[in-house]
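Common to both upcoming complexes is chain A, partnered first by chain B, then by chain C.
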Partner chain A sequence: MQLNDHGESLCGQHVLQYPYRRATGPILGRFFTEIRDNGRFLGIKTSSGSVLCPPVEVDPDTLEDLSVDDLQEVGPAGCVTSWTWLSEPRPGNPVQRPFAWALIKLDGADSALLHAVDAGSESVMRTGMRVIPRFADERNGGIRDIACFVPED
Partner chain B sequence: MAETRKPVTTIKTPVAIHYNYSIGAGQSAFMRAIREGRILGVRCPDTGKVYVPPRLTSVETASPMTELVELPDRGVVYTYCIVNIKFYDQVLDIPYAYGYIVLDGADSAIMHLIQECPVEEMRPGMRVKAVWKDPKEWTESLENIRYFKPTGEPDLPIEQIMNEIRKKSYA
Partner chain C sequence: MREVAIVAFGQTPNRRKELHRNDAEMVAPVVAELLKGAGLSRRDVDFTCSGSSDFLAGYSFSWVMAIDALGAWPPIQESHVEGEAAWALYEAWVKMLFMDEIEVALVYGFGRQSMTSPRDVMVLMNDPYLETPLWPDAISQAALQARALLDAGLCTERDFAEIAVRNLRHAEGNPLAQLSGRPDPDELLKAPTIASPLRKHDCPPITDGACAVLLAAGDRARALCRRPAWIRGLAHRIDVQALGRRDLTHSVSARLAAEAAGAIGTPIDIAELHAPFTPQDWILQRELGIAKRTIVNPSGGIHQGNPMMATGLVRFGEVAARIIRGEADRGVAHATQGPCLQQNMVCVLEAE
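Coming up: the complex of A and B.
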């Protein structure tokens, strides 16, 4: 018997997966709880007076710990500050038809949240457009409690 | 509408990577044979060592290797690992053992499950043989062998195993 490399190589489908579960900490815990239970967004006010959403645990200017007392409501509507069109959604993407990944600055916030915008067509997308969240039918705590954002009008 | 649910303290963030994995000529020969219940290795033309599964070039001399060798489904446990902890998606009840098994006539080891042996009785040098699935279930997979089990024959002396391990310089 001879081994040669002229035969066609066999090919198999492999999946490498990790069932991670991450601790949110107190600030993001409140952020996700508020989305899940009330459909409301929280940002966090820093020492410089800016409001960050998603909220962070540490003040980016002073490096002091921030507290849940610094959280305040933002949104739920906002505007797109940047976006990229995904013409072929991948399995597991939040929208299963062509959509945009977008940075969305919620009203009252000074930083942007990354999420999907289901606009139907790339021609609808523009920087500065107004969007509102569409929440998932079943909310279990996590960013997927927001199904996606859609154009406001 | 507010609900009284426990606050969110953790979030699920699963990660999955889907591969189409092309296994190459050596592994393909191995898999095509094991689909028929045969185990193939390849012999190095320079050292005479037999590698299983086959690979295209010698680990020690980099010579092309083309001579396929059929190997028996029995061999010796060189080393092993006893799994004592539970983990996600675990199929077997703990404790259980995975061993490095050097088939008779081979110079490299395959890793496989060892069963029908209490883990306290596991030892290097133990002779084992394959327990195969029903041939109707055979596919291109080493899982055609369900596990290896002790044959009851006398052990390979530990001194011999240590000598052989010292001699073997492959990765």
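Coming up: the complex of A and C.
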């Protein structure tokens, strides 16, 4: 091992990252733009009549392309359909104190969005509870524009 | 259609951290032993396919280095899947069905989770717009599935603990196992949750390891092995990626794969389920229609060791090895990848 003049080993830090840049496309682009500019959520109506939020570009039943005309407003409040309490947050998590991950079905939607619920305590959490979004102060057009969800009352 | 069988299986001991060997050095002795046991030289292998992940290794084309384990000169017929090595077995099997040139195929998988934080790295499999930027770790995602089972009243946290106890007890008979023992489920349930309702015993160990399987077709298989484990059915299906669009209490893709492989409604002696988390074991037993008489995870399952990207192929090998040794006549091997059982592969293996 090579040592420098102070008897220290020479180390290089290796940061594991895959720094891809991705385009959001027509549907998710509108979804994120509405959140960023207006604090509003969009779902997409499929041929079966169900409303998916987050919206998708392809109808899961017919495999036909969906269009921006199929988008409709949902939320912003919603219901927790499943949750877990994470007592030690991981690096990069939206909340850096004990919090819940939850699947959240926004009002008017038939599918759920994954996000954090900053509830303060696990005892507050239950399936079916109502939550509302808390938006980030600075919004950049991504999912992190939602800082987290919080209990409705 | 050609008949294809697993004729040999080998794996490294399952270790928390492989300190002194790189990927090629881990794979090389497993492959060498496998070929030696079958009485073959490396020149007798017509096709080789491997499964591993650059995301675990931390650099691109990491699998290329592992080819050093094969002594690939003169050049060999070779392929790789970026993922679980059971899918590499699938590729080799499909090629063997249609290509008479391939009589013997080598499939191997390897993973060294100790080099990274697997519960975080796995998030790179999620939706890159909606989920990955939040870093919902793999244990938390599995916990959402566990909660869905509890909420539906389908099972209890004690059921999860008993699955861990079963695996650990079976692992006692496995000299290569990383974890084994006879814990009391009530004691296990006293542990704190990592991501409620999941506790440490519900989660897979972090393992460095590798495994390899030898496939052979028709009479070549009969010549190489007294009692080959014939692949009677093999299928894989995929569920939608987004957790919020699935009924997490079910695994539709596991059920469809099991039906397509012919695993449903037929007598099965043993089943090896690739269930990284205990609630997924419960789901798979239901979706695969596992009967009471079937011995589930005789190897110790995920608690035996979790050399990620080889863990699913180990399930194939463990079932095949028991058939080859005459301990079972018919078995089911299952492999998965993706969050909350997103992708599932089911194989029916049988003696002649």
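Simple rule for what comes next: the second predicted complex is superposed on the first by the 139 of 153 C-alpha atoms of A that agree within 3 Å, B and C clash if a C-alpha of one lies under 4 Å from a C-alpha of the other, contacts with A are read in each partner's own complex, and residues count from 1 in each chain.
Quick note on the criterion: contacts are C-beta pairs under 8 Å (C-beta built on N, C-alpha and C of every residue); 3 or more make two chains touch, one makes a residue touch a chain.
This one's a predicted model, so the numbers in the text were calculated from it and none came from an experiment.
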{"item": "First (chain B), second (chain C), both or neither touched by A:114", "value": "second"}
{"item": "Which superposed partner A:21 touches (first chain B, second chain C, both, neither)", "value": "first"}
{"item": "First (chain B), second (chain C), both or neither touched by A:60", "value": "second"}
{"item": "Touching partner for A:92 - first (chain B), second (chain C), both, neither", "value": "both"}
{"item": "Touched partner set for A:101, first chain B, second chain C, both or neither", "value": "second"}
{"item": "Partner chain in contact with A:142 - chain B first, chain C second, else both or neither", "value": "both"}
{"item": "Shared chain A surface residues [contacts with chain B and with chain C]", "value": "14, 16, 18, 20, 22, 24, 32, 91-92, 142-143"}
{"item": "Complex contact set, residues of chain C against chain A", "value": "55, 58, 116, 119-121, 124, 128-131, 133-137, 140-141, 143-148, 151, 192-198, 240, 242-245, 248"}
{"item": "Contact footprint of chain C on chain A as seen in their complex", "value": "14, 16, 18, 20, 22, 24, 28, 32, 52, 54, 60, 81-87, 90-94, 101-105, 111-116, 122, 127, 142-144"}
{"item": "Interface residues, chain A side, partner chain B - complex", "value": "1-24, 29-30, 32-33, 36-38, 91-92, 141-143"}
{"item": "Chain A partner contacts - residues on chain B that touch it in the complex", "value": "1-3, 5, 7-29, 31-32, 40, 42, 54, 56, 65-70, 88-89, 140"}
